[in-house]
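Note that chain A is present in both complexes that follow, paired respectively with chain B and with chain C.
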Partner chain A sequence: MLGTYYTFPELLLWIPLVTGIIIFFIKSPKAVKNFALFSSVATLVVSIISLCYTDFVHHPEYATYNNVSYVWLPYIGSSFSVGMDGMGFLLTFLTAFSFPLVFAATYKREYPNANVYYGLMLLVQAGLMGVFVAMDALVFYFFWELALIPMYFLCSRWGGEFRIRVTFKFFIYTFVSSLLMLIGIMFVYLHTPPVTALSEHSFYIKSFYSATLDASQQNMVFWLFFAAFAVKMPIFPFHSWQPDLYEQSSDSTVMVLSGIMVKMGIFGMLRWLLPIFPEAVEKNDTIILVMCIIGILYASIIALSQTDLKRIVAWSSIAHIGLMGAGIFARNNTSLQGVMLEMLNHGINIIALWIVVDIIEKKTGIRKISELGGLATKSSTLTTFFIIIVLANIGLPLTNGFVGEFLMFTGLFEYNKWMAVFACISIILSATYMLNMVQKVFFGNTNSITENVGSISGGQKFTLSVIVAAIIILGIYPGPVLHLTQDTVTDILQKFK
Partner chain B sequence: MNAILISALWGVVMMFGGVFFKKTSTPKYWAIAGIIILLAGNMLEFFGTQIFKIDTKGMLRFDNFGLLFNTIAFACTLLFFLLNGRDIEKVGENGSEYFALIFFILCGVSISSSFNTLLMLFLGIEIMSIPSYILTGSDKRNLKSNEASLKYFLMGAFSTGLMLMGIALIYGGNSLGSFYINMIELGTGPMPVMIAAGLVLLVVSMSFKVSAAPFHFWAPDVYDGAPTVFTSFMATIVKIAGFIAFIRLFKVSFGIIQQQWQMLIVLITAATLLIGNLTAVFQQSVKRMLAYSSIAHAGFMMFALFALNDTAQEGLLLYAVSYSVATIGMFAVLVKMNDYTIEGFNGLYKTNPVLAGTATIFLLSLTGIPLTAGFTAKFYMLLAAVKDGHQVWLVILAVICAAISAVYYFRVIQAMYFKEPAAGANNVMPVRSSFKYLLVIAAAIIIIVGILPSLVVDWLYY
Partner chain C sequence: MINIFDVAYLIPLFPLLGFLINGLGRKFISKSVTGFIGSLVIFISFCLSILVFINVSKEGFTPQNIDYFSFINISKLNIPFEFQIDQLTSVFLLIITGVGFLIHVYSTSYMKDEDQAGYARYFSFLNLFVFSMLLLVLGGNYVIMFMGWEGVGLCSYLLIGFWFKNDNFNNAAKKAFIMNRIGDLGFILGIFWLINTFGTTSYHNLFDAQTGILSVITVKNSPVLIGISLLLFMGATGKSAQIPLYTWLPDAMAGPTPVSALIHAATMVTAGIYMIARSNIIYTMAPFTMSIVAIVGLATAIFAAIIALKQNDIKKVLAYSTVSQLGYMFLGLGVGAYSAAVFHVMTHAFFKALLFLGAGSVIHAMGGEQDIRKMGGLGKKMKITYVTFFIACLAIAGLPPFSGFFSKDEILAAAYSDNPLFYIVGVAGALLTAFYMFRLLALTFAGKFRGTDEQLHHLHESPSAITFPLICLAVLSAIGGFVGIPEIFVKNGNSLGDFLSPVFADSNKLLTAGTTSPQLEIILMAVSSLLILFVCIWAWKKYKNYQEGTEEAGAFTKAIENKFYVDEIYDSIIVRPLKGFSRFLGNVVEKSGLDALVNGVGKGINYSSRQIRFLQSGFVGSYILLMVIGLLLLLIIQLFTK
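Let's turn to the complex of A and B:
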């Protein structure tokens, strides 16, 4: 059964895809919501079951449950290959875990054309799953773009006043950069050894890893790939689409966008960039690390001066992503493990932040921190949750943020002391703007706007407790995650000898 | 051979039928029947059955590539007749003759896809062009249509002259005294001067026919002035047939000295991509925007000529399918609109979701988004160019142009989905449900070919 007729990556891909298409034809908004929630929970269940089959070393047959390949375009050497390794498990789990949370947190919201909204959301989920399980460069590219198109419609249709313009900027940025990656894919493809007799070259990931590119070719193609991933993350000079889009998008879209979609860029670097172009990475790592560290400090400083809740979270996200980028290019075991863990942590934490920001905005109608105040007296549950989330975001010990950031800083320190010192300034800055936000929003005196704020709903309470539980568990016992991703990290590091 | 004769005969039948047909809707059914017979005849030949056995002394050579292209062209014409049959009737009083002219064009298409001498090339191109001049001017009382027709005719006649001149020079520079394209004497080392001059003239005249820059000036005005239904036909099938002839000529006759003329093609390609895409951005009318975008797509199809390898041939066939179906579909939607400006599309999603949904798929395909045929076509073209390996900057330019094309295609999508329809006015004419089903089928073709391009490409190696 398992492994012969179906495999986990396929299930993770097809469940959201098929339910996403079905949902377009459901009329009643209530049924749509329940069906979407049901679908996302089903995906989560599959993902959790798949986590029981990760031990390939002791059970070689588990590998067949998680890898599958179908003939697709034999004459150009592309097959529909999907599979999961440690990093794949981690990110598919993050995707599967986030969607039910997002749906539950926004369960009370009424979207116009709910069927289209939830259908597109599930298609985004399918696209993301595809990116995380693709084992063929062409399949990877397909899903890379496919995640973008429903996202484009989601952000343009539902959101703030300037959403169309802002989303289009995002679309053009990512479209140009991913087309550049496409040229890179073609170029590497033409230097790969064949896998079957039908074609001279192959798009299979292992062939890409063994492509014969000399140093100057690597250096050129490296930047083509880097552009796509750097725009998606986004790393410092490519970030200008991000704050505007986060501000203008509607609540659940931005959760998916910042929680999971940016991980596509980080994932792409770890899965494709580092193993294919080790020489180019070694040559260019300093300049990219400098870019990342400038990005961390720049974003933190801008976050300090922001007054809009959404923009503070957006800029703090750029700072965190910059740190992850630095962790990737420091490329030692500690920093890469830190990046792996932080991908999960950042996904959970930022979704939590958006949920709270959304609750505040829905209850008061404003996002300016100077106009809010005294919410602690009105809703102590929300305050407790929010403070834990903020502390996790700053990276305080016993929260998940601490472990990931600690590993990344240690790894960066191993690579270069001074870079680590500069990057560490961001911890202080992040504590400043985050705590400033907490202080202004939750403490102080209530005013006419915050006076009538009530407590939060059951669905929101449930979602936030799940997240807070995850924050604390991952903060105290991150071992299983690190164990899961160790193989992937070892594989990546083997290329750098 | 089957296709050439059937299309010519059916053209004559349709022309005389105009005298006998009583009802205005009769020609349409005859035309649809004819195109199905034509398609069947071509398929028979593809599978090895020749109905007519005529010795052409090797002046025509039927290979899989040409026959497969014929099949695509005829199938697209069938789709065009089914979608636009009623609109063709509405253009003027002589419905039957419009269909007859289209059959003559198809005859020219079949010759252009199978010529083996320069004379047949000339015949094929001219048989395609002359009915196109007439179709452009078929809206007799519309001055814009008249102007477009005259412009097209004058410019077309000029480029035909250049082509003849080129053919004459190549014939004269050829000691074998032969028009056969596979027997042109190229010598070793640099080309003889007369051949080189002939080659340049052929490049110029063929670039004119496929509206590649800097010989594209006629295209926007002609496509804009012609009745919209015929623009749809001319911008797709006629143009791609031009490309098939172009690549056939240059692959067979000048393929081995490609290094010597490749730079010329590189410059034309780059200019076409830039001019087509940059000008399309500034258009307010969707019809004119599609006219410029057809120039931009000509730039992408020029990659087949630049690379001239197997992947390029496969890519050109995929481009023929994706571009024709998407453009015919998009024009079919456009014909039903009351207002051809982009604002005319505002809120189409609310007033007619099927039209908006299928138009979105057509536009996404034209942009080249994965999962649509447009992506696979562009992918094969770019792959062919990267494989050639000479001018990677050209590929990067093409990619940037593809991104620019997203700007104008997505403007229509934005209008359809995210803008409110103008109050009171209805932006779309009433459409039959069969029309909607056909559009859905066309969109399905786009997606199926997008997922499984081998459905088209594999026939090349049948």
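Let's turn to the complex of A and C:
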């Protein structure tokens, strides 16, 4: 049955896609919520089961459970190929793990037009899953857009008062860059070797890897792909859509946007950019690394003087993403493994931060840190959770944040000592702005706004407990994740010999 | 019979359990149970540490490596979660759990005014601290050490800001964490460099005489080792409060007094000394760094001692004194007297913990007053506190036969044979120490009471949970030095030095120690002791009948009172420019530069889409427009590349 009729990647795609479409036709908001939660939990269960079938080395048959290809557009050499390697498992798991958390954390929230909202959310999930499992460039591009387009609607219809303006900025950025990628895909496609008799070229990922591009062509198309991924991450200086959008978007949208969607860019670089254009990567890595490191410091320094909770988190995220970019282009085993782990960690940690920020905003109605204070006396449980999450975010050992950062820094140091020194300064800056936030929000005396804040609900406690458990387990025993992604890293590095 | 090394994980595990029980059960467990659990877990660790010590001192002991699981294991890099137990570890284990236990007992009484949740929070943090500190010294590689290193920093942060309603305390806590992080930047870069050069961070690989660093690098002062050792030392200056990163420690006195005793005097701040002693081979191979360590240590010792002369807060005097004493330990490390530095860590842990606990007893009796100008005459009311405090003062001043004499003398003797100038400055620092300690002693305990009548009425000796640790530590401060008697007095008298010698054996082979003749050593010792005694008496006489307002304040005195304005200087050259730069980037660069460009593009497209009437405005319009532009671009590229 398994592997013959359906495979894990398909299940991970179809569940959110089908339920997402069904949900548009459900009227009752309560039923919508429950159905969405149920759907996301079902996806998570599939994802967890799929993690039991990752050992392709000892069980070659497992590979067939996770890879499948259907005839789609044979005359242009595109097939519906989906499959998972270590990185695929990791990111589909992150997606599957995050959505139930997001839905549970915002369960109490009433959205207008709930059916449309949750329907779009699940479509985004399907798009994300598709991006992470696509083994065909056209399929990849299709899902890339499938993830983005519902997101535009989510951002522009539910959110703060300036949502239209900031969504438009987001739209311009991502749409232009997606288009550049499409041009890049077409260009590479035209240089792929024929696979079948039906078409001259092929969109299959392996064909893309073996496309014959000379150095100058590689260099040009490299930047087209790079633009799409760098905007999505974002790498400095393509970041300016992000803080505004994070500030204006509604709670669960921003969790998905920052926790998972930014991984599309990182994933794209690892899956497509590095293996297709190894020579161009080697040629351009210094300039990109410099951009990444400027971005780390730039974002960290700006975060120091931010007063809005959401903007602090947004800038902190840009700093982390910059480090991941640096880890990608330092491209050695250590740094890439760090990036892999950090993709998971960053996803978990930033969703956790948004959950807490959301709780605070819902309880007090404000996000300005100077107007808050003394929450520790009101809810010691929330304080404990938040401090642990903050510590993970600043990379304290025995939390998940440490291991990923440690590996990325070690890898960067291997690439260039001075770059590592500059990038590492961020560990001081992140401690500064994060602890400042903790102090302003939780410590000190309560004021008229915060003195009536109560403790957090059972559901919130449960969600945060799950996250904190993940933070600590991954911080003490990251071995299984590193083991899982080693195959992908080895494959990528083989292109650079 | 169970091998103690097989169950070594229990030593940190018990404090961790205590942390979890008290932390999670803070709303359910009564205060007496909390205090009992908190202290009991440390006591168990202490007993286990004694067993470890007994086994380590056995004939034929070799360093034990215990590998638990693989923390990070990727193709080229393997960092196991491992412990290493040797002589150095076992000494630190005893100090941490022994002094730690006494301070836990003390805390059960000292913190009794806290509400139940606060009390449990306090003990859980204190347990977590002991756990982290044990991890730091038990770790078998630099990454595990770094875990403990950051862990103690976290606990220090949490405990300095324990009374989190006071924003000054919160600022002090944050400052401590950030300054430590600046040091940690150096530490972790040092680790990266070690990994990059040697491919491992495990001590038993790095320090193996046949296969480790010494087999790869055979000349002294190689750039790699100078770099690594300087970076690690940067870490040490943060954690152990040396110039230029010492300013957090005096502020850290915002925490409860037992915390100051345990974390900011006896244990955590000595982590830097542990780290360098652990890395002794790296330092021995980089004499350049060693002289830097010695000079920084000596400069800190003098500088902090001068500031301590004019402080009026009882805890601030002790804080600067700690900074100064840590400077001595670094001087010892810098001149290659590794075991002497560890010896001073031990004696300092005794007498400085005692001084802080004594200060806590005084502060309690005074109802929270910390200004020594408002004390006086407490000796009559608080006999035990007074006598134990007095013993501690004798020990820290370095008068024979108290413990501080032996350890300080061993460092100074080594400094003399390295460079007589170090010795002279070091003795000058010791005289300053004697002066400010006896000033503190006289102002607090001698003369007439200068506080309010209400305070006078309230004055009392502290309960036995407080006096018991004082007495224990006083005994240790008095006799603790006898484990390191100089060779000139008793043959093989330096039993601590002999015990630790295997750890430093490779370094000692490489060091070219100068020799001092025994006669000269005795003369130096006698002269310095006499000078110290003289200063003690002088300070005592000067301050025993102190009246407020009798001291004149010159410009230099004012500078000392204001701690040479170092905080203000840091603020104006680092903190404020950075904040300004941050606002500049956020408000000017971000708003006008890149963002304006993108918004301009957006506006432009909006504008053109409005101009092109056959397209809908807004979303769909620009979408299609862009698609058209994109297709055009595609065509153009196709044309150019064919």
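Here is the rule we go by: the second predicted complex is superposed on the first by the 497 of 497 C-alpha atoms of A that agree within 3 Å, B and C clash if a C-alpha of one lies under 4 Å from a C-alpha of the other, contacts with A are read in each partner's own complex, and residues count from 1 in each chain.
Just so it is clear, contacts are C-beta pairs under 8 Å (C-beta built on N, C-alpha and C of every residue); 3 or more make two chains touch, one makes a residue touch a chain.
As the structure is a computational prediction, the values presented were derived from the model and not from experiment.
Undergrad: Between chain B (first) and chain C (second), which does A:Lys263 come into contact with in this model arrangement: first, second, both, or neither?
TA: A:Lys263 contacts neither chain B nor chain C.
Undergrad: Could you tell me if A:Lys363 is touching chain B, chain C, both of them or neither one (first, second, both, neither)?
TA: The answer is neither, since A:Lys363 touches no partner chain.
Undergrad: A:Phe168 in the overlay: touching chain B, chain C, both, or neither? Say first, second, both or neither.
TA: A:Phe168 sits against chain B and chain C alike.
Undergrad: With both complexes superposed on chain A, which partner does A:Lys232 reach: first (chain B), second (chain C), both or neither?
TA: neither
Undergrad: For A:Arg331, select first, second, both or neither according to whether it touches chain B, chain C, the two together, or no partner.
TA: neither
Undergrad: Which chain, chain B or chain C, ends up touching more residues of chain A in the combined arrangement?
TA: C
Undergrad: Check whether A:Gln486 is in contact with chain B, with chain C, with both or with neither, and answer first, second, both or neither.
TA: A:Gln486: touches chain C, not chain B.
Undergrad: Please work out whether A:His320 is in contact with chain B alone, chain C alone, both, or neither, and reply first, second, both or neither.
TA: In the superposition, A:His320 contacts neither chain B nor chain C.
Undergrad: Touching A:Met186 in the superposition: chain B (first), chain C (second), both, neither?
TA: both
Undergrad: After superposition on the shared chain, which partner residues are touched by A:Val176: those of chain B (first), chain C (second), both, or neither?
TA: both
Undergrad: Overlap of the chain B and chain C footprints on chain A, residue-wise?
TA: 156, 168, 171-172, 175-176, 179-180, 182-183, 186-187
Undergrad: Could you please specify the touching residues of chain B with respect to chain A in the complex?
TA: Those in contact with chain A are residues 311, 364, 369-371, 375, 379, 382-383, 386-387, 389, 392, 395-396, 399-400, 402-403, 406-407, 410, 414, 417-418, 452-454, 457-458.
Undergrad: Taking the touch rule as given, give the residues of chain A at its contact with chain B in the complex, in rising order.
TA: Residues of chain A touching chain B: 72-76, 141-142, 145-146, 149, 153, 156-157, 164, 168, 171-172, 175-176, 179-180, 182-183, 186-187, 189-190.
Undergrad: Okay, in this complex, where on chain C does chain A touch?
TA: Residue list for chain C touching chain A: 23, 26, 69-77, 117, 121, 143, 146-147, 150-151, 154, 157, 161, 164-165, 167, 170-171, 174, 177-178, 181-182, 184-185, 188-189, 192-193, 195-196, 578-579, 581-583, 585-586, 590, 594-595, 598-599, 601-602, 605-606, 619, 622-623, 626-627, 629-630, 633-634, 637, 641.
Undergrad: Flag every residue of chain A that touches chain C in the complex, lowest number first.
TA: 152, 156, 168-169, 171-173, 175-176, 179-180, 182-183, 186-187, 217, 237, 240-241, 298, 301-306, 333-334, 337, 374, 376-377, 380, 384, 391, 396-398, 403, 406-407, 409-410, 413-414, 417, 420-421, 424-425, 427-428, 431-432, 435-436, 439, 442-445, 476-479, 482-483, 486, 490
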